[in-house]
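In the two complexes that follow, chain A is the common piece, with chain B as its partner first and chain C second.
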Partner chain A sequence: MAERPEDLNLPNAVVTRIIKDAIPDGVNVSKEARLAISKAASVFVLYATSCSNNYAMKAKRKTINANDVISAMEEMEFDQFEDPLKHCLEAYRNEQKNKKEANEKKKKEKEVEVQTVEDVMEEEEDDDDNDGDNEKDEDFVAEEDDDDDDEEEDEEGGDVESVGPASVANDNASVSGSATGSVVEISDDDG
Partner chain B sequence: MAGVEEMESQTDDKENSSEKIVKTKEKNSNQDSEKLMKLPLSRIKSIMKSDPDVTLASQEAVITIAKATELFIWELSKDAVHSTLQSKRKTLQRKDLDCILDTRDCYLFLEGTLD
Partner chain C sequence: MPSKKKKFSARFPPARIKKIMQTDEDVGKVAAAVPVLISRALEKFIETLILKTSETTKIRNAKTLTTSHIKQTIHQEKKFDFLKDLVANVPDHQAEDESDPNISDTK
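And now, the complex of A and B:
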């Protein structure tokens, strides 16, 4: 097999970081030692792959799985790796599970959003007078004919409309209030 | 089986580089909880592919081997530095490695490979 340095060697920076984590502070590593450890790690990958493959073949499988690798560690006399590897695998599986659940949740939320937007758009289409509600336009048209204070009422917008029957009943009602408020003063001239 | 990846004899460099970017991002996202993977999975996969007897390996298998390799580097360095400290040196040298490779049985598979 052709040896390609890029393919068979692990990145120097990562290997150096792992070495420095393992050794006490203040101790350095020579370039030669670093390269030798990196090469040893590559050989380890090959050896572990081969042993794992043997386990898979014994079980009449063509695919190496995580359990084959963990079993291979025992054969390679690295029993102490078994527990950390199991923890790592569990963490990875949990992470994958969480990712999947998060994606499904996002999908559902998007569907709800789309549905809400569609509903709102339908409501807006029904609101011909653009007053923010879908109250019958007949009432609006009736008020416009009856009252002289239509302009003011128009400014008040929805708040006046919501008063509804009261405004129709009080012919002498005067409407006043701030743009934001819905205060209606009703004065009876007949008194 | 989810995550089964077929081993091909030809290596696609572009695919590997894009995989590296994805794996790097994944690594960064894992930093909050724990650093799950330090070694790039694409490189581990390349090394595994070079074994002609290997046909298929699951994603979990690649991850487990990657983690085992990290543990191996850590263990080897920890053992080698004992020799460094015994010799009262502050730099881990090649001879420290040669010293411990002869002492522990688990390192016998490395015999003749580092020369």
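And now, the complex of A and C:
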């Protein structure tokens, strides 16, 4: 831990909300205390990261995965977090699964749409509107790529206990753009 | 028990969490699910820290939770040892907002 630039603090708004929810009625929190909690949270991330990474390295993996994090909590004496984290993980995986299914549905619908458009185009050969329609299609394609991006990280781990369908999706999807908030690879983040 | 407030709406941005994680040079890649889990763990951690600290606040008859209360909690619980350095500069006793000026509890 050589340096801690301020950018590595977590967003105040989120910290404040969690504090508000946790604090019993009738008790206030000083500004300094809020700042201290925020810093403590960052330290917690670093400590959890270090512990999780140890588990990954022990298993000769270069990618930290979900189970490493859960094991780390036990070591840090936060085993009461184990259950909530397991639920969280399950919910996350379901979310990913649903996204994937929604994407595939979209794909099929687009295929039908494109076919319909092509039919119409054949009928109206003299119509200049054809060009407008083509542009729309490009937009749809771009959107589609964005959603599939978050599957990529799971596959890179190799030993990751990633769900079967997830790796199948990677074969099909052509990952290029990056947009959704759940993707970890984004370079233009909240800052 | 008002459990309405405690939804999973308070999530930390995964990208920011990943940035923090990668300040550790030993850390290589991070699975996509990890920042999501860390975010949830953070939520629980902050909750736990605040709840424990607020007990100290009540014992001291204070209306406002201060850094000195946090410091005391950190020293009382073994699992918060990793935070000791963070509060090393905090005075043991702060007279902020405390109604009774005669309080002189020292560690």
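Keep in mind that, in the parts below, the second predicted complex is superposed on the first by the 108 of 191 C-alpha atoms of A that agree within 3 Å, B and C clash if a C-alpha of one lies under 4 Å from a C-alpha of the other, contacts with A are read in each partner's own complex, and residues count from 1 in each chain.
Heads up, the rule we're going with is that a residue touches a chain if its C-beta (ideal position, glycine included) is under 8 Å from a C-beta of that chain, and two chains touch if they have at least 3 such contacts.
Just so we're clear, the structure is a prediction, and the values are computed from it rather than from any experiment.
Asks: Output check: A:112 vs chain B and chain C. Expected answer is one of first, second, both, neither. What do you get?
Replies: neither
Asks: Touching A:59, do we find chain B (first), chain C (second), both, or neither?
Replies: A:59 sits against neither chain B nor chain C.
Asks: In the superposed arrangement, does chain B or chain C reach more residues of chain A?
Replies: Partner with more touched residues of chain A: C.
Asks: So in the superposed three-chain picture, is A:120 touching just chain B, just chain C, both, or none of them (first/second/both/neither)?
Replies: neither
Asks: Quick check for you: in the superposed arrangement, does A:102 touch first (chain B), second (chain C), both or neither?
Replies: Touch status of A:102: no partner.
Asks: Return the residues of chain A at which the contacts from chain B and from chain C coincide.
Replies: Shared contact residues on chain A: 1, 7-8, 10-11, 14-15, 17-19, 21-24, 26-30, 32-33, 36-37, 39-50, 52-53, 62-66, 68-70, 73, 76-78, 80-81, 84-85, 88-89, 92-93.
Asks: Considering the complex alone, what residue numbers of chain B touch chain A?
Replies: Residue positions touching the partner: 1, 4, 11, 30, 33-34, 36, 38-40, 43-44, 46-48, 50-58, 60-61, 63-65, 67-78, 80-81, 84-85, 90-94, 96-97, 105-106, 109-110, 113-114.
Asks: Hey, which residues of chain C end up touching chain A in the complex?
Replies: By the definition above, chain C touches chain A via 5-6, 8-21, 23-24, 26-38, 40-51, 54, 57-58, 63-67, 69-70, 78-79, 82-83, 86-87, 90, 96-97.
Asks: Mind pulling up the chain A residues that touch chain C in the complex?
Replies: Touch list, chain A to chain C: 1, 3-4, 7-8, 10-11, 14-15, 17-24, 26-30, 32-33, 36-37, 39-50, 52-53, 57, 62-66, 68-70, 73, 76-78, 80-81, 84-85, 88-89, 92-93, 150-154, 156-157, 160, 162, 181-184, 186, 189-190.
Asks: Which part of chain A faces chain B closely enough to touch in the complex?
Replies: Contact set of chain A toward chain B: 1, 7-8, 10-11, 14-15, 17-19, 21-24, 26-30, 32-33, 36-37, 39-50, 52-53, 62-66, 68-70, 73, 76-78, 80-81, 84-85, 88-89, 91-93, 95.
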